[in-house]
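Take a look at these structures.
Paired with subunit B in one complex and with subunit C in the other, subunit A is shared by the two complexes that follow.
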Partner chain A sequence: MRINRLTAAAVAILAATFSTACSGGSGEPSAPAGDSTSAAPAGPVELTYWTWVPNMDKIVAVWNQAHPDIQVTVSKQAGGDDAAAKFLTAAKAGNPPDLVQAEYQMLPSFVAADAVADIRAETEQARAEFGDGIWGLVTLGTDAVYAVPQDSGPMMLYYRQDLFEKYDIEVPKTWDEYAQAARAVREKDPKVFLGTFSSKDPGWFAGLSQQAGAQWWSISGDAWKVAVDDEATAKVAGYWGGLVKEGVIDGMPFFTPEWNKALNDGRLLTWPSAVWGPGVLSSNAPKAEGKWAIAPLPQWNAGENHSGFWGGSSTAVAAKSPDKAAAARFATWLNTDPQALDLLIKEGSIYPASTKGAALLTGAPDYFADQPDFWRQAAAIGATARGFTFGPNVNVTYNAYRDAFDQAVAAKTDFAAAVRTMQETTVADMRKSGFTLAQ
Partner chain B sequence: MTHRKKGARAHRAGAVPYMFLAPAMALFALFLALPIGYTVYLSLRRTRVSGLGLGRGARKEIFVGLDNYAAAVGDGELWAGWLRVLGYGALVLVVMLGLALLFALMLDAAKVRLARFTRISIFLPYAVPGVAATLMWGFLYLPSLSPFGDRPFLSADLVTFSMANVAVWGGTGFNMLVLYTALRAVPRDYYEAARIDGASEVQIALRIKIPILTPAIILTTVFSVIATVQVFTEPTTLRPLTNTISSTWSPLMKVYRDAFVTGDLYAAAATSMVIAAISLVLSFGFLRVVKNRAFGEG
Partner chain C sequence: MAATTLPATAGHARRQARRSLGIVPTAVLVLGAIYTLFPVSWVVVAATKSKAELFSTSTFAPGTGLLSNLSDLFAYRDGVFWLWLLNTVLYAGGGAVLSTAVSTISGYALAKYSFPGRGLIFNLLIGGILVPSVVLAIPQYLLFSKVGLADTYWSVLLPQILHPYSIYLARIYAQAAIPDSLLEAGRLDGAGEWRLFRRVALPMLTPGMVTIFLFQFVAIWNNFLLPFIMLGDDHRFPLTVGLYTLLAAGANQPSLYNLIITGTMLSLIPLIALFLTMQRYWRTDLSSGAVKSR
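Here is the complex of A and B:
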């Protein structure tokens, strides 16, 4: 009615064509020259950086002050899937930014689209600053290095301390206890849920599956092995599906106005989330400040100690950037320099991936002011988190998650079937593209 | 042809209209023909990955003929999407145009108070951007925030109606204005003559105004058909709030998903060509069916 959307799409495609045509001439000859330490450019190097870390411009200002020869300009992005799509489109069109914030699960897609550069030579020094698990996420298990890790999201259980006392519930140590608690809560107050299963957050489900030991993708030789419906994932799906069907776990998605309201009103008692949770809770549930506490995720078997990752991102250098070396220098500084890490924590409210950075965290977040040992607990939990290799078409898998689980939650049908749909969709897409798949 | 001199002059004059047309032609070529051409080109290609697909040169673009079209047409989700949109469109079309016609007739009736104010208040929702309108309604639909109580407006059974409501709310005013403007252009003598013949206001509306309005009604119908076929804003904006709207709820959402979520620009290009063809058939088909009646041709 208001805009002819086909026209709009056509114009967008046209714009892309033009930028390809325009940049094709200038971009390609200079690409090899910018590969490494070539002749020093005449003026200062100008870099653009796409990121959605809050206050990144302030952090970059510190770099620009100290490095008059390499000037970085921040372009604030919306984040999430849209940001990844935008970067891939820009890379295809030939005019990507020099630096981009890349979520770990999207990095393989960027690599597969040949959109990010291998910065192994430039990041040799930085290697020692990161743990093996995190580093594996930016090498994808290859010899190349595709990004510098920035933050990570080990998962933990957020719970309403005051309401746990009110309803007389113990903090659940296993998922069995969590299920018992979910039933107990419903009996005591039918308006309240212990938790909710979000069909909109595949990253969350991936983290819970990692905790259970899932390996959705792996590389064996020259082939991808895809096991989105592996035993661990099926166990996680079956567990939550049973509770949703039973009606003791709610089915409302996270980050919706409904969810905010439930958090504020004390109608949701737990949130299995990641270390970046305080920022979300303080902005989405300001009324409950000081009432939440953290604990390790419930375990599948008593005595185990595992967690997974939800979110986290890295800083990658675009393959088409004419100044890759300078960009890699900035990416390294941003994520390993003590001053930069300090700023990332204070201004950007992130949980740094570098081991040095995690040690800089002191003083609990305001929202958890009563828990002075918040970061010590978080670090202990973070050490137990295990991840998995992400595949080259995570976006397809994640989209399949949303569609399949949307239906399964709404109709309260079998969650294991939704996981199988994810697997089938992922495999079909990879086969269509021509990836070699292991049997 | 026979007079050479005259012919030469005509030839010179002949270039002038083209010069006047040139900007329009250039714009048309640049912003319509070229993008459509590029979309067609893309729709015939796809990327081919070898091995793990990592590293340089592991991915190249190849020509695949009509494969993408076969996949687009063979995808059940696209047709399920069309079904959903047809149901939604039928609802929107009937209710929105019905209300628009009713309001236009009422405003045009002789004895109406506050006509100006009413007209503007009915038109006003059209000025609200689609995303804002949908978000506003979305919040009204959410059970825990809704002033209408704990009703599941976004449940699987009701979500189509809830979405149609947003479109009706936003679109009625515009269509009413088109119809009302057409009505104002009708000479008042007709009505006077009808009144002298003893026709009531209702009879005047049914027997005189509506027949005269037919071309305008057809125009608004064609516009509305095109708009509902392209429905995108409402379901996309409501989707994060509920789990009853899939990423392929409407055909255009599927195009968006293919292009920007799952990163398959080629499938998206093919699907949009299919959608464009169907929209063309729908709107021209409708025009063809009603042409003779509406414009008294043939």
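Here is the complex of A and C:
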């Protein structure tokens, strides 16, 4: 994995840049590994936890019962970018929660703001539970560990099995075939699109770019290297831009009422999405239950086997938490303990990042009742997902994506220009924030 | 519009013109009413739709899921909806009452007493109207964090008590509604300033106070950003922030659109009820007959 090549040198850089590595929990003695006995301080340790995983309070109740000395209180928050902004503000004001759900793309900005602690010492035993790609997302390629991975979102192609048969289309194995299929569908039924390009979902585009081998951020020497407009990304943008311009791919964003309706009415045949797709489809397109199937993402070159990540999050410990060791213990339990993983799957309906957790998934999701091997396929696809390093200002890059691609889709202009805008905006913002940039 | 009635006789034309012009404000108001009621009616209709019907049936076709939506909403996280509703009532009711009290007393003081710095204070308040409260939310959060009040009920109540526009409104109203001569007469009869305010001014200010109360109540009821930033504990959330957690529930969780819409509809009901009951206070014309000195 690329991210793992960033070695010890990067620690020094990060330490120098963020002066975080040392403020973390490295000075704390690691908590006793055993659950039963611990040198408990007087009175139970009270921890607060901000998350938006459904039913997390039920999962935490199990922990609280077993650990009277460490009591966790869940506060359910609204997810997404707003949650990250809220946590950063709270950290700046000096009263963050002890634990926070951190999306992988937001973690670097938390690190840059000194908002999360290094919990390397407490998570040593958890390391073996996770794949290299996922682990790289919480170490940022350094020796520090800034969070424990919770769920992940390897990408795959969701398609309408019944309508593929109706329109006599093969499941596309390459993006070329996907484009052909898009044209064929339009010819057979002008009301129907094979897919849509969403200008509102930068995480989706980032995942597709990862599949093509993009590496938007990297650390080179003592500086950040930003390559949002690298060759792989330009290829992805050019491909979708061409199809949108040709009119064979729709330009409506995901997760809108319009999109829901198209899914329900069978006017949208595919959705390149992540492993958490069933939850979305079952709520937004309940009428199409049992009609969707999954396949690996189409590849750029026949014979290749790559995927990317869209979404996923981790559990981080706030740098200002007075009980970092206890918090790290909880975070480790939550994301590696078999009982907790089982609850996360059943109550929280997440796709666990830990390899052990992924193996716990049996029986297809209700929505995919006809595909008993759903999770096996998903795990196979997940293993092909490429690693990626997120930068410290992903929110800026993502906003630039929304602005630039909104216009590009509406005007059907060159998508490559939109990617360049993303690059320029990202670089300008990092300069302004005082990051050293390699050029 | 009058041009179309040219052939008629002059007198007839004038009457005609007046009548057709009389329709114009009504028409504008009807248009405005449709414009504002349309989204509300959508919410009401959409709240009756089940999950499956929401995105598949035509927009204004009533659905069959109202009861199940309601029971789902009330069952969601052991009825946290009621807690949020209670919080909202506390924030909006408490905040509006306190804000009305502060605004009335300051507006009255600014209108009826001349003291050094009055102009300056008033101008500062006018300036305060120009600063949108959204801009202040984050600085306020940082300040409240410093004094340890962030994530408490006070953190949402306190910032909404001082509302420059309401003070401005109160001053203007007090100036117009309370004749100086009446206060003078009270003073001659030996009433102290406090008694004067309580017994003479306050009854005359009631319609203005109701206006301020309603303004503030609606503003706090609908406020999102301030509680969103201030509050971390989801048991202190008002409805706006609480329902938002249902909307932005993360990608791997089905979005609970039908619950959000049903919750939104329910949250409208107290506002409508409040307006209908408070309306009568606007009709009372207190100043009539108060001063007989004319």
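Side notes on the structure shown:
By definition in this document, the second predicted complex is superposed on the first by the 399 of 439 C-alpha atoms of A that agree within 3 Å, B and C clash if a C-alpha of one lies under 4 Å from a C-alpha of the other, contacts with A are read in each partner's own complex, and residues count from 1 in each chain.
We take it that contacts are C-beta pairs under 8 Å (C-beta built on N, C-alpha and C of every residue); 3 or more make two chains touch, one makes a residue touch a chain.
Keep in mind that this is a model prediction, so the values were computed, not measured.
With both structures placed on the common chain, the touch criterion links A:109 to subunit B but leaves subunit C unconnected.
Comparing subunit C and subunit B on the residues of subunit A they touch gives the larger count to B.
In the superposed model, A:59 makes contact with neither subunit B nor subunit C. When the two complexes are overlaid on their common chain A, residue A:82 makes contact with subunit B and with subunit C alike.
In the overlay built on the shared chain, the residue A:257 is in contact with subunit B and with subunit C. In the superposition on chain A, contact of A:179 is made with neither subunit B nor subunit C.
Look at A:311: by the touch rule set out above, it reaches subunit C but stays clear of subunit B. Of the two partner chains placed by superposition, A:192 touches none, neither subunit B nor subunit C.
In the overlay built on the shared chain, the residue A:433 is in contact with subunit B alone; subunit C does not reach it. Residues 82, 89, 92, 255, 257, 261 of subunit A lie in contact with subunit B in one complex and with subunit C in the other. Those residues of subunit A that touch subunit C in the shared complex are 48, 50, 52-54, 57, 73, 75-80, 82-83, 86, 89-90, 92-95, 97, 151, 153, 255, 257, 260-261, 264-265, 274, 276, 279-280, 282-287, 311, 313, 349-351. Residues 51-52, 54-56, 77, 138, 141-142, 145-146, 150-151, 228-229, 232-235, 241, 244-245, 247-257 of subunit C are the ones touching subunit A in the complex. The touching residues of subunit B, counted against subunit A in their complex, run 30-32, 34-36, 38-39, 42, 47-59, 129-130, 139, 142-145, 155-156, 167, 170-171, 174, 223-224, 226-227, 230, 232-233, 240-241, 243-248, 252, 255, 257, 259-263, 265, 272, 275-276, 279.
Residue ranges of subunit A in contact with subunit B, taken from their complex: 1-2, 4-7, 9-11, 13-14, 17, 81-82, 85, 88-89, 92, 108-109, 111-114, 140, 142, 144, 199-200, 219, 222-224, 251, 253, 255-258, 261-262, 392-393, 395-396, 399, 402-403, 405-407, 409-411, 429, 433-436.
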